[in-house]
Amino acid sequence: MQNKHPEKLLDEKGLRVDGRRLDQLRPVRLEVGILDKANGSAYIEQGKNKILAAVYGPREAHPKHIALPDRAVIRCRYHMAPFSVDERKSPAPSRRELELSKVIRESLEPTVLTDLYPRTTIDLFVEILQSDGGSRCAGITAASLALADAGIPMRELVAACAVGKVQGQLALDLSDIEDKQGEADLPVAYMPNSNLVTLLQMDGILTLPEFEKGLNMAIEACKTLHTMQREALKNKYSQIREVAEEKEEPEVIA
Amino acid sequence: MQNKHPEKLLDEKGLRVDGRRLDQLRPVRLEVGILDKANGSAYIEQGKNKILAAVYGPREAHPKHIALPDRAVIRCRYHMAPFSVDERKSPAPSRRELELSKVIRESLEPTVLTDLYPRTTIDLFVEILQSDGGSRCAGITAASLALADAGIPMRELVAACAVGKVQGQLALDLSDIEDKQGEADLPVAYMPNSNLVTLLQMDGILTLPEFEKGLNMAIEACKTLHTMQREALKNKYSQIREVAEEKEEPEVIA
Amino acid sequence: MQNKHPEKLLDEKGLRVDGRRLDQLRPVRLEVGILDKANGSAYIEQGKNKILAAVYGPREAHPKHIALPDRAVIRCRYHMAPFSVDERKSPAPSRRELELSKVIRESLEPTVLTDLYPRTTIDLFVEILQSDGGSRCAGITAASLALADAGIPMRELVAACAVGKVQGQLALDLSDIEDKQGEADLPVAYMPNSNLVTLLQMDGILTLPEFEKGLNMAIEACKTLHTMQREALKNKYSQIREVAEEKEEPEVIA
Amino acid sequence: MSATPQLPPVAKLEQKTVVDLIAKGNRIDERGHDSYRPITIQTGVIEKANGSAQIFLGKTRVLVGIKVETGEPFADTPEEGVLTVNAELVPLAHPSFEPGPPDENAIELARVIDRGIRESKAIDLKALCLQKGKKVQVVYVDVYVLDHDGNLIDAGSMAALAALANAKIGKYEIKGDEVIVKPDRRPLPINNYPVSVTFGKVDRNIIVDPSLEEEQVMNARLTVTIEKSGSICAMQKGGLSGFTTEELRKIVHIAVERAAENRAKILAAAKI
Amino acid sequence: MSATPQLPPVAKLEQKTVVDLIAKGNRIDERGHDSYRPITIQTGVIEKANGSAQIFLGKTRVLVGIKVETGEPFADTPEEGVLTVNAELVPLAHPSFEPGPPDENAIELARVIDRGIRESKAIDLKALCLQKGKKVQVVYVDVYVLDHDGNLIDAGSMAALAALANAKIGKYEIKGDEVIVKPDRRPLPINNYPVSVTFGKVDRNIIVDPSLEEEQVMNARLTVTIEKSGSICAMQKGGLSGFTTEELRKIVHIAVERAAENRAKILAAAKI
Amino acid sequence: MSATPQLPPVAKLEQKTVVDLIAKGNRIDERGHDSYRPITIQTGVIEKANGSAQIFLGKTRVLVGIKVETGEPFADTPEEGVLTVNAELVPLAHPSFEPGPPDENAIELARVIDRGIRESKAIDLKALCLQKGKKVQVVYVDVYVLDHDGNLIDAGSMAALAALANAKIGKYEIKGDEVIVKPDRRPLPINNYPVSVTFGKVDRNIIVDPSLEEEQVMNARLTVTIEKSGSICAMQKGGLSGFTTEELRKIVHIAVERAAENRAKILAAAKI
């Protein structure tokens, strides 16, 4: 968190640079099943984030020695297109991308019934076509939909959203400019039915009360996003929606 | 094709910097079977190009998973020695070398009876010891001889030559200086008996009539080189020559 | 060997910068079995050198194709910590580290009864935590102890020490400053019972008589270090000492 | 090392259908031999890029982003900007694409697209020089394959051209040793519109714009890139067989026709 | 690609013992759920480094060396020194560690340690600027894992903090374009003391400072880094499950307590 | 990691013949223990290089090209040119050589050749300084192994020396900040002629210049490099066994003799 450009991120009415309230999500657009070759895919726009997620698998592990005898191996790559950020990014994976690939995988694995597909891999690709702050969270939201679209049995969908701090105030779903000038960033992924936080990172400074409040804000946003996810799936597969509504806990998709 | 040094590449008589006519090849020297360890090898000098080609195989595929069940895998590396060009070249393969390795392989594969050696690899190494324009073509001419020298059954030899454009005129077998200042480069590999063009690339600008004329010039040169190739093999293996002359179409060597 | 700073490395009494005589080792401290996870380990301080050596194995070769049917494969890595030298060193292996990994392996392999463990690997890691001249030799002395600590059957321990030339005089066990300003460096590893020199390298200029004298000085130092090695093992495993003393030639440990 | 590719195990029967249809003058998707699949081009889809375009060529989908940054010229062209084309076979586009540095197919794709742009002098590189021998503008063309259903060269080069035509760059001033970027934006200076047309040879038949199913049965591939005045500015043969001279003469004439049609679509999409 | 890790085949019975003991409020090494293993910290162990510290956290052993060199600032922070944290899982520390560039575990370790130092502004980076936009001091923090018996994040971040507190840097003067290094040495300017506390979740129990045996049976991991005034300055969740909100509320309070205790040990070891 | 090499499966009987002949004072190619295979050296074979030489040592064939370019000196030797030796085990030279970055054998080969040249001060590096601390000439010695029939170190170092003696460099003038290259050419300044002599130990016998068949049965290898006045300037032991002190004393004396003979051949080839 750098704080070099103390521009005004909140106006006198407490509204943000893009006119949002502190607890307001950016506009979100979700699409499911938009790629031809992938077994499952989804697209998310959240603010100016434009992100594709695709799933291949379960498929035979290659090379074989990476297979596990009792469950599927999940592999995940978070990757930014060279043109997705202000200054062109080399396509070679950065340390940041390698770390995010790991935490995104660990945010999604708790949802997948991996023991149904021993000796296979499920490969998950999250491509950031345009990045605008909060891309790891939006990527998780899309990736969970791509897993569902691939027909992979899941406990429930996971949604993710960050809370940040701007001018001393907690604010939901920071945009790029808020993120760069903000004082904290708290990305959270959440499974509402299981009440499990599966991604949790933090940058910046938060007091304990701020953390608790911020966590609650993030979780509420995840619940909203979770509804949107189910809506997006419903638009794609109306029959799957009905099955999902019958059994609520756990919510098994596919 | 850059055109920054508009030096005179043709004199008043239409002769080129090195005194050649527009349709004249540079001096060519071919030697077959000059390396001790390789299964087959050949050496070509064409102008100041000095190129070694060597073949290892058919040999057991390693690692095994690259093998194909119904044919040999051909692997090819075009590589320039660090001292082969004006400015020292790093020995790590450049993107250009990677592309040329592919098109050279694809120019030679049509000649090899790969289905006779399933589950093996045939490895082909083209080392440019000195480069003087047209090294990919000279490399193909040598590599085809190295395959024959290795006793690998082939439909026929393939020869290659480029045609370029200097001062608006089509010219055969450009040297380095002509290539750098020329207006187009059209490398061609050709199997005369099968009438198949197996390498075709183009840089620069050619009208359709220029292309057709240039293609014909290149093919005539390939036929000349093809004769030289057979001569070089004859010098090495007189008995193989006789077999080759009996069956003309296809010309199976070894 | 550079000779740019002709500072005085010897005083009027023939004593060196750190007060040593020409034939005197730096203070040496040896410890055996100091790591928890490694199968064998040792630590050496020699001057300001601080070096850890660890052994894993014999263990199943991975990947399998590196295994040998009639003996264990020994693998060795000499590696310097980024903070071990004056200017921070990148953790990626340098060409020097790759060469030293090879010669250290070749100095230790003659001591190991590798034919007892076919199809396995014995992995040897030498980590230079602080470097002060002569780290390859001190690393060998420690690595040999780590092999013994791992219970790997050996012909005998190998010790190593370098001789250098400062101001025209042969000097034992050069420190960093002597090494950088010295005129020659002759690192030697020696198996006293077998009378075998298993590491021998040379930088600088030595006449034949200087080489013979220097070799003798190094070998005498190796004998002294060999006694210290056995002492260090004795402190760790008193019972093993007794077995080793019974059979002198070859000295089989473990 | 370049190695004979391992083709996916496509059912023999399926392969035979593809080949037989072509032999009868038809194709699996009912096109004629000389026809392209439907082409849709969207420009300006990535606001953070200087220019961008997404193409759908049938089910093949390629996104190209253009970034223009300040850098150094090459020593042998001190008064010219720099063009860099990079292609990524993004793993979400096909089960056979794996993460990692570009393989020979990605490199060939990038270099063939590069060749068309460079040899036709599509970008006025001299107009991108800021300070002779020291500072120039570098144009990065990143070709991002998102769904692979065949003929990536044509899809990539058409999207690249549309993205270049869509690109806006800053205005620069040099003050002493520093480059001042001004907020005004002007179009990237484009002089030519090279369009590649790719052919496949299936047995002895030549088809245009092969789909992935067709690529898996074809013997050889040829790309011909045509610049605006109808001359050839780049060619690239691929695949395990070759072309006869008669086939080549026929191909280049078809290429000129198809290139003109596709160029019109690209210019329309880029509103030029 | 990040892949589900392959855990070593630990005997089922042994695993059960570890889990059962924790379920009973006990642990395999007889600690309480909220207790750390014994901590020993030595500073100044590498004389050639600007600062260094070695920690023994139970049988886990980590050495950190600090090197301070002259370099260039980042373009967006022209008046600040540079902090670089690198972690090596040295192969002598565990049979599963292999030579090669840092894998995702090493990168995560380095980045979590980095985040604690950076976000708490532990190092006064502005005091490390020598010449605005041109020359600054670069602080390299190399985390060297020598024996891995679990909880590398806490061991590494405590050793890093002790090494930073131990570090001495040269005095510099700028004359024209040259940097003159003076022989005087001053402490590296440290403003804050972030301490990470790592939790494991075994079934529904939360334990502090998991050992390697415990790591192999735990479902999820959470690191909370607390700066000197008791606020959180970094968090990182790992592992194949998650935490409930109740668990998280409990965890952050324990983290504040444990961090204060461990900070005192570090400061004592660094004689601050 | 350096690993015990996998030797090719040579027929036991063939191996026994090689060993037995040596035991009887003979060798498979009928040489004496102390004799080299025939040596042929050609210089100036690569016109585009500043210097070049090709050696045939029996069936071993190595080509060395020298390139001299302008670059920066090392910080600790601001008044000296730079020497860089690189060796490539080109895959066409032996079935076991694979494409890729230099392996430990290639690195050892390059470093031993480098050591002989550097330690004997064969190149007058001070004469290659153009502008103290800023611009110097960089001498690249690229050792290219074309056919591997054993003893690459001696073949490579003899070819390197012949190529250096063959090299011509430009005349340079410094005007302000620019380097002006003049068309005149002068020889690279050479002060010493280091020649390496490599020994193999087969059972208890010491042989000179081992061929590939002999390398596959020998226990250990020793290279001794002798400079023009007869002193040792580099040594390198290799292989899985060692040498007794008596063997070493004998070896260095033979090395001095053979080096003098081979030096004469190199100088004759380079016309010096």
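Each chain gets a letter, A, B, C, D, E and F, in the order it is written, and its residues are counted from 1.
Basically, a residue touches a chain if its C-beta (ideal position, glycine included) is under 8 Å from a C-beta of that chain, and two chains touch if they have at least 3 such contacts.
Here the structure is a predicted model, which is why all the values come from computation and not from measurement.
Using the contact threshold fixed earlier, the set of chains in contact with both chain B and chain D is empty.
Looking at chain B and chain F, no chain is in contact with each of them. Note on connectivity: the fewest steps through touching chains from chain B to chain E is 3. On residue numbers, the B-D interface is repeated by A-E, which shares over half of its contact pairs, out of the options A-E, B-F or C-E. When the interfaces A-E and C-E are ranked by how many C-beta pairs touch across them, A-E comes first. The angle needed to superpose chain A on chain B by their Cα atoms is 120 degrees, rounded to the nearest 5.
Most remote chain with respect to chain C, judged by CA-atom centres, is D. Taking each chain's centre as the mean of its C-alpha atoms, the one that lies farthest from the centre of chain A is F.
Rounded to whole angstrom, the centroid-to-centroid distance between chain C and chain F, based on C-alpha atoms, equals 27 Å.
Rounded to whole angstrom, the centroid-to-centroid distance between chain A and chain D, based on C-alpha atoms, equals 32 Å. Centre-to-centre separation between chain D and chain F, using Cα means, comes to 48 Å. Of all residues in chain F, those touching 2 or more other chains are 1, 99, listed in ascending order. Across the assembly, chain C contributes 77, 123 as residues in contact with two or more other chains. Under the stated contact rule, the graph of chain-to-chain touches is a ring, a single cycle where every chain has exactly two partners. All the chains close into one ring, and from chain C toward chain E their sequence is C, E, A, D, B, F. Within the complex formed with chain E, the chain C residues making contact are 35-38, 41, 48, 50, 52-54, 56, 59, 77, 79, 81-88, 91-93, 123, 125, 127, 129-131. Partner chain A is touched in their complex by these residues of chain E: 1-4, 6, 76-77, 104, 107-108, 110-111, 115, 119-120, 222, 227, 230-245, 248-249, 252-253, 256.
In the complex of the two chains, the chain A residues touching chain E come out as 1-2, 4, 66, 68, 71-77, 95-96, 98-99, 101-107, 109-110, 114, 121, 123, 186, 189, 191, 194-208, 211-212, 215-216, 219. On the side of chain F, the complex with chain B involves touching residues 45-49, 52, 59, 61, 63, 65-67, 69, 86, 88, 90-95, 99, 101, 140, 142, 144, 146-149.
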